[in-house]
Amino acid sequence: MRGTSRTSIAFWIGFVILTLVLPQFLRTGYLINALIVTVTWIIFALSFDLSAGHVGTVSLGHPVFFGLGAYVTALAAPALGLDYVGSVLLSMLAMGVLAYVSGIAFFRIAEVTFAIGTLGALIIAQLLANNAFEITGGPMCTQGVSRPVINLFGLTSISVTEPIEYYYLLLPLLFLTILVYRRLAHSRIGRAFAAVRQDEVRALAMGINPMRYKLLAFAAGGALIGALGSFQAQYITLVCPSELALSYTLNLLIIVFVGGSGSFRGVLLGAIIFTVLPRILETVGNVPPAYQQLIYGVILLLVIRFLPDGLDSVIERVLARRRGVSREVSDAA
Amino acid sequence: MNRLKFVLFVSVVLLVVSGSALYAQDDATPIKIGLYAPMTGPVAFLGEGFQYGATIAIEDLGGEIEGHPLELVVADNKCNPTDAVTAIRQLIEVDEVDVILGGGCSSATVAAQDVIKEGETPAVSATSTNPSIYNGMGVGGNIWQFRVNPDDLIMASAFASMIAEDTQRISLVAENTDFGRGAITAYKPIFEELGLEIVTEDYFDLGTADYRPALTRIRASQPDSLLVVMTERDGSTFMRQLREVGVDAKIYSRGSLTSPLFLEYTEDDPTIGEGIIEFSFWAAGLDPEFDAHFLERFDTPNSPHRGMSYYVTRYVIGEAIRNAILNEGEATRQTIRDELEATSIETPIGLIEFDDHNQAYPFGTLQTIEDGKTVFFDTVELVPVDHGE
Amino acid sequence: MPIEVAIFIEHIINGLTLGAFYALVTLGLSLIFGVARLVNFAHGDIFMVGGYTLFLLLNLSGVDLPYPLIILIVVVITAIVGLLVERVVIHPILNQSWRVQAVATLGISIVLQNLALILFTSDPKQTPTPYSRQIIEVMDIRISVQRLIVLVVVIVAFVGLQWFVKRTQLGKAMRAVSQNREMCQIVGIDVQRIAMLTFAISAGLAGLAAALMAPLFSVTPTMGLLITLKALAAVILGGLGQVNGAFYAAFLLGMIEALFGGYVSYQFRDVVSFGIFVLILFVRPQGLFGRKVGL
Amino acid sequence: MPRNGAQPLLEVSQLTKHFLGVTALLDVSFDIYPGELLSLIGPNGSGKTTLFNCVSGFLKLDRGQVRFKGEDISNVRPDKIALKGIRRTFQDVRTFQEMTVLENLMTALQQHQEENMIERVLGTQRIQQFEHAARERALELLDMVDLRPWQHMQARHLAYGQRKLLEFVTALMPDPDLIMLDEPAAGVSGEMVDRMKQHIRALNAQGKTILVVEHNMRVVMDISERIVVLDYGRKIAEGTPSEIQTNELVREAYFGH
């Protein structure tokens, strides 16, 4: 909404440079893999937050687009002879269309019913992936997904194997996601999103068609997550029904709600904490996994209790005080 | 300005992580054994079992080999491929383990293959029965992966003909996991080849509470025998309800339905497991002394995962480390791998020697439950079989 | 009796007992939604707490409590756990949006599951009672006494709940709150207290379900997950907040599973039951037994 | 009352609506002509708000027809009706609580300015011009109701009366042809009632067509040119304020027998 100020240009230049050079400082495949995981969750959570944080439609079934996006690449891309870019686009398109079509059906229901209905859809999708043994390999997974190959104008091709190469392959998707997120959330469309989230009836009275914006956010998010699933399939070279798991939904909720829903900075923060904290707990604190999960649960409850707008609200408050725009708040009090 | 500070914050967080990772480097004196298994989630019992087995094995080795202290490092692969890649990299690149003990969850095992190969770290699988990794091991390309336990294809050829002796109509029952699916995939074509009629085929998700609808159908189909591929966790509930419904058929098991743990789960009614015939690569009673030792140490009975983890750590990995130190002067990933390849050791589970696919052939074991007790009654020689392409 | 008929009757009985199980868990979930407008994703985990309580009571060294007394203690303890959960987590967010509430109850679920995992490990705990072993055989149909107890208790609990809601002071207040919360605040009914007590009753019902059902299978930290999903489906199918509707819907789900699982395919039964659930939502967003409300 | 033989702006004919067997509206018909200020009155539960919701598209009609500028808008979606030039307020004051006052106003205009999603995603020059124009218009309206000092404050921090004013000017944002106000004077102080009255009058004086639902009889009698009275979902009277004040049926409906 605000114009492109000098600080925000500086921020984005800094951000792009940081993401480009960061892996050069991380020497082991482990750390680069950890970075890939972090970026994966940033993309996943931003795409989820487009709907959950901005339009207010919390779908508990978002991993469907991730898992099915991965299966589309694993099962259909080889048959069509697609390279990396082609397979990502295929999954993206397929999941965008799926999100749009399923959205038309699911947005007939609202709020809690919508959340649980989408949860039901996730369970169905996972059960199908698990039991359609002849197609997906069920719990034995679809194995041997080929590693990414990029065709350059049909002349030559590059194949990708190293984690650092994968990272640079994922980066464009991160930038695309951020771009879509920013363009949708911080434009006039974002204002319509906010209107639909805050009061659907009043939005209608202003000529805003809630369905249209719900579908836009859902389909855009679905397409991005589908692309992410395609990357994932080619990175792990294996697609299992666990990619459609409810635990992914829980992770998304933890990231978005602990970080701060509806805010780029909040989601970024949430995703970084969520992926970095376990590494610290493991390597430094040697905390057993069950205790880690317990810690997440407690953090989630504490944040909801004391910071219902997420950790980002703390940063926001500090920044607002620095900026000296606190006069508006004091006016209100 | 403020956004710049945010960028700074992010970088600091990331630097802390990378720093902590570097800090975790070892000084190379202790020998680290990485345990790669699911520690959380619905199959966390696999990881727990492995941890029991490896812990007691290290204790029995005196906590050290030739003066080098042994250290067990655990990484949770959560039984899904995504976390598996993180976990295996953690072991190889951060914890810098010298050798990896793995088990359960073929999805995690398969996902780890490339990282193990690139990371040039020897890994020994103790209970992963999925045939799909056989072709890739050893001469198949991945010289770093070893498997002690026989896979389902190897076992099926021996067990299926045994079942066929008194069975015309068979019901297949398996847990809906890579373990259950993998086993049925191996057995089904052999049964068909032997002319058996498969009357029902059911897969149950882990933690299923009510089996009655399927059991009623199985009863109506009047099979001579059932082949049940389940662990004692779900298997005990399944068998309980099977007795309730009154399915009158012989029970063959390819899981752990005759283990002491199964008996513990059904101790209120010892007749539940009566007469089950189980084929495996581990049996209670194969090594009664250790079973007692285990029970005393952890106050819970031995089981296939617990036992296999023990034997593999104590004998296969332990001996490879010892030989590496004695023959090559030090235990490195390379020397341990070379010694693993040369393994030839008599163990309570049979003679362990790896073929050119790094696959070992311990005993097949047969056991049953008689008068509420596990009775181990025979071992079977296992031989290499054709794994196709 | 021809064998086909006997098998059919057995499938029906399977459906009834499965439905009874779902119904008992569903009752509490539906009650909380009706009164507090809160979807409790941790309901199945309170059920799990009831399972472990049962396990501990059955294995009290030196004491051999009679089963009915054990059931009662389990109900009381889970009700207290429910009360604690309400006080500590739910109470402060009672007026927040459903989104915040949903995430909070998911947080409770994560905490309870991992606490159980830490305290009891993932080993399944066995909780057999003398009744789970006793089997009645009538014309080829075999069923354990435990299952019959479940069927009877569910019906008693349902009728009892009806009586409670219609006849008692607290029950009437609960009904009033579920119908119009704002009006209750105006006429001086302590809505917060009612919500708290409802939570305790709901948790107690989950405990009752655990005390009755766990003897038929086993107790694990993750046992609440699938049952929460089933109960949620039943609550929505029944029409959010319609306790009776949810009760019938639970039996409907049990019956679908038993018949589809029995005659067609067991592994695809949940695809079918959840599929039917989602399809009904599209056609009747207000649920099968819910009334459509205007603007 | 046709003025100079003009076409009615809004024609409501034989509007009927049932709720679960209860008749909320039965055969209600009336017209509004351009530039008119028409009030809709009636005791509680007489169907005023239901009629409002039927006209603005929030409720489906069971029977009857609504025409706007000669076009049938019966059962058209509310957002489409809004874009055709009918704007309404709500009885229970609805503002976007987490938006600032300025954003509230700008949201009200954007759908009128463009329909092209792609342009909006790209944020083209044209969109930026719209944005600029919307801000100008919003500030103008805020000046009118003295809300400008609060433009950057979230709506939830405003006092009730201020939110009522905000909702009022929000409805004016796109300069609609018909403005429907649902109880503009309800729940606010006497001073605010007077301000509201002045604003409505001024608006009408500028030639705006306004439909008001109002409880406050003093307000209704002061501002209306013409009044339609509903009782139990039926139209029982229609006329000028003085005609209505003397109507027996109306007295009966309000004060009983």
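Quick notes on this one:
Letters A, B, C and D name the chains as they come in the text, with residue numbers starting at 1 for each one.
What we mean here is this: a residue touches a chain if its C-beta (ideal position, glycine included) is under 8 Å from a C-beta of that chain, and two chains touch if they have at least 3 such contacts.
Predicted model, so just to flag it, every value in this text is computed and none were measured.
When each chain is reduced to the mean of its CA atoms, the one lying nearest the mean of all protein CA atoms is A. Relative to subunit A, the chain whose mean Cα position lies farthest away is D.
Counting C-beta pairs in contact, the chain pair with the highest total is A-B.
Per-chain Cα centroids separate subunit C from subunit D by 48 Å.
Subunit A and subunit D have CA centres that are 41 Å apart.
If you average the Cα atoms of subunit B and of subunit D, the two centres end up 72 Å apart. Inter-chain spacing, taken between the CA centroids of subunit B and subunit C, is 36 Å.
Of all residues in subunit A, those touching 2 or more other chains are 131, 201, 290, 293, listed in ascending order.
Touching of two or more other chains is recorded for residues 58 of subunit D. In subunit C, the positions touching at least two other chains are 117, 225, 267, 295. Interface residues of subunit D facing subunit A in the complex, by the touch rule stated above, are 56-58, 77-80, 82-83, 87-88, 90, 94-99, 103, 106-108, 110-112, 117, 120-123, 127, 130-131, 150, 152-154, 157, 170, 174.
Subunit B contributes residues 40-42, 44-45, 48, 176, 202-205, 207, 209-210, 212-214, 216-217, 219-220, 233, 236-237, 240-241, 244-246, 264-269, 300 to its touches with subunit C in the complex. On subunit A, the positions that touch subunit B within their shared complex are 7-8, 10-11, 14-15, 18, 22, 25-26, 28-31, 33-34, 37, 130-131, 133, 138-141, 143, 232, 235-240, 242-243, 245, 247, 265, 268, 272, 276, 279-280, 282-284, 288-290, 293, 315, 319, 322-323. Residues 52, 56, 58, 105, 108-113, 115-117, 119-121, 123-124, 127-128, 131, 201, 246, 250, 253, 257, 290-291, 293-294, 296-298, 300-301, 304-305, 308 of subunit A touch subunit C in their complex. Within the complex formed with subunit A, the residues of subunit B that make contact are 1-4, 6-7, 10-11, 13-14, 16-18, 20-21, 23-24, 39-41, 44, 74, 76, 78-82, 85-86, 89-90, 92-94, 106-107, 110-111, 114-115, 118-119, 130, 132, 176-178, 180-182, 185, 203, 205.
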